[in-house]
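Okay, here's the structure, questions in a sec.
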């Protein structure tokens, strides 16, 4: 709560800067429009305006600055415009009972969410299994770990189209699966690293303690390694779900996904409707925030239950 | 079929060898530390080659590694041109600008506890966002050439580095700060002699995360418009014209570049934070 | 002397490290009888911990012979012949005190009621009745260390091995725990091996004090304590006590050239 | 008594915490003269550290008056009137031992040659000649602690404040460092404030022993030591020594009911 | 029988015939269960069919012939689009009037297999695409929108008569501010939006029959769409999963698309084919295809479908 005031202040500053930036960003567009509708602007032709700085343009056409805040296709929309578009495609549609229509961002968010969650589950499972293998087997540790790092340096976008084709080759239908695979690809790594750290967290003396009880390998895992990895697990889950969302959206950009927030960004770009892009971006941001917050909450509850202070 | 059997046999053999190496007396030597993962990588390639040949997979779906290697060798000029466009101009420039901006910003806001408290949660939040989505916007703002790619990279790397650095600057323990107070040390002395060195492990953590982001950012941005060169450009047109072997060659370049970039940062980390327990060899 | 419980003859242990071999134990011979309270004292690195770990079967000597209850240490470990208390309490933070104490019992497959019964008993023994439902971090350092002793006592092994159990506590708490440990030992007649850095602690507690010295780690002196079994805290101001303490200090001084 | 260096009168300090105020120091009055070696002893939480930090100007008392060298503690801090040694050595791991010792000198703007000269001198003083080029983690705990003392000595402040400097070390290393510290004090005639948990250490080192007790933190006893300035280690077995130690223990016991 | 159709681009009136056939039950009448897969920026129909993800794809002939040379034996079984809708749209005030004025300019071009007509055109005029110069142009890989033109990052961009051109107009630009060069008018038109299948499959009589029924129903859909453009546009809109298409835009697109499909009964006109091949072969130093393809089209299906 102590952070509320500073955060709000910083947010306000960001909004203010955003508003101030709108005019210079959009002035050319506003002048083009004004010229077409027959109003006098200086300089008179788009070609002539090309070489004049935006500041000069604003100074010479003070009357048009207001128009820069009301363009249909702004280079930089105002926060209001973005918020308005978001409301129009979510709340308003929900109020009209069309929350799941294809024109509603709620529908697209749900599509993205589904792939994100599948990818998250898949990636987390892979990450945990990999971590267990790495912690328990030296060969796996030595041969896998470097490749796990290298795998993250491969730009998955490049693989996206191939993943579609390969998965359809393997008889996997539906466009959600490739997205989930990409999401899992990005998600597994932080989970793997975190879990390796977590499973190795017990101090030698803690392991020795169980040795003195002559505990079995499974007992050591269940009673010591697993519980002590929980805080690490949650920390990496939070990174993992964010990565998973990034993966889904990246997967929706070029894999020809036709629904989902990434697809909305793409389509907004294709049809030159910046407001749609911004609204989808905002929705994605809200979703990321919600998912991470949810996991954070889960972490607090779990750790409290386990008696470890959060 | 022969190919498939050979590949599987090779796999089994290599794994057994690796297992033996990992248990052997020399398991902590540098040679073995490198040989084991390399052997594992080679196994994957052999398995891939064997699958493609054994199952007769069409080259427009998945080319064999040998074919990719040939294409790689035959198109070094194209690959170099794309590498320069995407990695050197787009990713590295963006990384340099983004990283410096993030470092300077952290030091600047660090003086104000108020700003730090306000910016840290926001930075953490933004670092978790799918920032990659702004690529189309930045391409329309900064044009088609590498500048827009660099811009995407700047935004993508900025927040992870910022958050880590701010965190690192706050990480010195109370005793070390008190020590500086007993010397009546000023802000700059404390920053240069205590807080920056102590923050280095964190800063490098951010830098390492940023390296992989930089490459992804630069390549994705090319999907939204580019000149007729660049790795993203080549990959997308390659898929369109079924030159999948060239696409894989580009992927190989990306992986090599990414790994090299990451290793470079990791090496610098070793040199700078040699003192940190995680870097010390016992 | 009583029935022999631990018997080491010419024990040798060399660690292979990156910087070359470290001779941690050299020609260590010692017998410990049933009901003995033996303290190990010596400068850092002299092999106290290593020796204790050898007895516990956590480390394998590279030479000599060692038997525990007439078995090899590893067999003894599998038979759960001893309880081991580490320097740090090492309680699991995700378990309550009672659950921590029950940990070895769970692993050894005791029934639920038996676990309950024993946990209650040992917690009472270390004066922690009523704290079973608390988490470790809700207790002071001294209480945590007592809980870890309770954990080692829970399964009623005949031998108790303690590696600087009170090293992290302040002197006043330490005095109190020493008193309690002595009472516990008198009541249970366990055989105790105890590592410490503190001369008064060693003298106050032990029937025998083993002085060790480093590079290579070896036994330089074994001092039998003439003190009676009943030892109020005040005993530390008696001439007998001071005499033993003096001998230990002399032994320590003789055993090594300082180079800390 | 000699010239007064530190003068506390009716010092009060209350921390405001989330769980309500903590009365860390209550009505603490004490004067320390030039060349005194004053030890502070008392159970955990009795305000030893807090009092030392007040003297160092690292904490601001909420009541009473405190002067150091006739100035406010903060002025004294700005004038670099004292060297402070913390419980943990707190060397910067990215600097070599020599560079660590030079750290205060760099900050205070000494010339390069002067830095070199002083570092050499104090490293020799603490027996670390030849280790200047090593990094802290390459040294044992005792050596690290000596380096941190060297660092505090490097700029030749008249006052040395030490907060359990040897708390983390084993008794044998500790004995040795105590001896060295005493020699150093005799040679340099510094005024020393020294926090410890160990009764023998306090008695062995000090000209005066301040016994404190907690909740609220206050001084319960001040014991002047009749021991001579020359103190071989053996002095600890003399009746005078044991008598002082006994008085300190009594003071401690009186000061608080045990509740660890 | 099940048929999977991979479109070249997102759901829009460009593919109205197929959606109409589905919606009006023409496919059902032929006993077909058709799945229509929308395309997208990085969906290469050729690769999808190669991977077995579709039975039949909508593709442009240059890309199909290029894939054929790469070893993917695609065969044109029907050609609903008679004429090309591709053009270059330029600012008039930039001083562009004739194709010759394109020299030393920045041009936006679609890649991903759609660059072949442009490349052929340029090389037929002897213009290099390696950068600005006396005799060269700077080529940009254009994204999916018309911003490069609106923001004057390019002097000209590629547009389709039925789609991007109208996006420029919708942005508030007057048609008389623009100059357009239609590939049809420049004599470098290549065939667009044909139906392609894998050669090997055609040997299977059952498959050939299935395709014949598919083509028959699809052409019925196209003719229905030509006659009822408004209704067709609404059907397309109903099938759009992105929810981004607008009614106004789709109706207008349907009208324009109808102009391109007019005059085709589905059968490939060998003359059009030959013109496309010639254009592609004429690619100067770096032609799209290097030798006259053989067996790249067949009338067998359309013959069976239309008689």
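First chain written, first letter: the chains are A, B, C, D and E, and each begins at residue 1.
The rule is simple: a residue touches a chain if its C-beta (ideal position, glycine included) is under 8 Å from a C-beta of that chain, and two chains touch if they have at least 3 such contacts.
By chain, with names taken from UniProt: A, B = NitT/TauT family transport system permease protein; C, D = NitT/TauT family transport system ATP-binding protein.
Given the structure is predicted, the values throughout are model-derived calculations rather than measurements.
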Mutual neighbours - chains that touch subunit A and subunit D alike: B, C
Steps needed, at fewest, to go from subunit C to subunit E via touching chains: 2
Neighbouring chains common to subunit B and subunit E, by label: A
Middle chain, criterion being Cα centroid separation: B
Per Cα centroids, the chain farthest from subunit D: E
Rigid-body rotation angle, subunit D and subunit C, from Cα fit (steps of 5°): 175
Interface with more contacting C-beta pairs, comparing A-B to A-E: A-B
Euclidean distance of C-alpha centroids - subunit A vs subunit E, Å: 34
Separation of subunit A from subunit C, taking each centre as the mean of its C-alpha atoms, in whole Å: 54
Whole-Å gap between the CA centroids of subunit B and subunit C: 50
Length of the line joining the C-alpha centres of subunit B and subunit D, rounded to whole Å: 49
Set of subunit D residues in contact with two or more other chains: none
Touching two or more other chains - residue numbers and ranges from subunit A: 75, 161, 165-166, 169, 253-254, 266, 268-269
Subunit E residues counted as touching two or more neighbouring chains: 41-42, 44, 47, 50-51, 143-145, 147, 151
Partner subunit C, residues of subunit D touching it in the complex: 43-44, 140-143, 169-173, 176-177, 197-199, 237, 242, 246, 252, 258, 260
Residue ranges of subunit B touching subunit D (in the complex, touch as defined): 175-176, 178-185, 189, 193-194, 197-198, 200, 273-277, 280
Subunit A-touching residues of subunit C, taken from the complex the two chains share: 53, 56, 58, 77-78, 80, 82-84, 86-88, 90, 92-96, 103-104, 106-108, 135, 137, 155
Residue ranges of subunit B touching subunit A (in the complex, touch as defined): 15, 18-19, 21-23, 27, 32-33, 36-37, 39-41, 61-62, 114-122, 125, 128-130, 132-134, 136-137, 140-141, 211-212, 215-216, 219-220, 223-224, 231-232, 235-236, 239, 244, 247, 250-251, 254-255, 257-259, 261-262
Subunit C-touching residues of subunit A, taken from the complex the two chains share: 203, 205-206, 208-215, 219, 223-224, 227-228, 230, 306-309
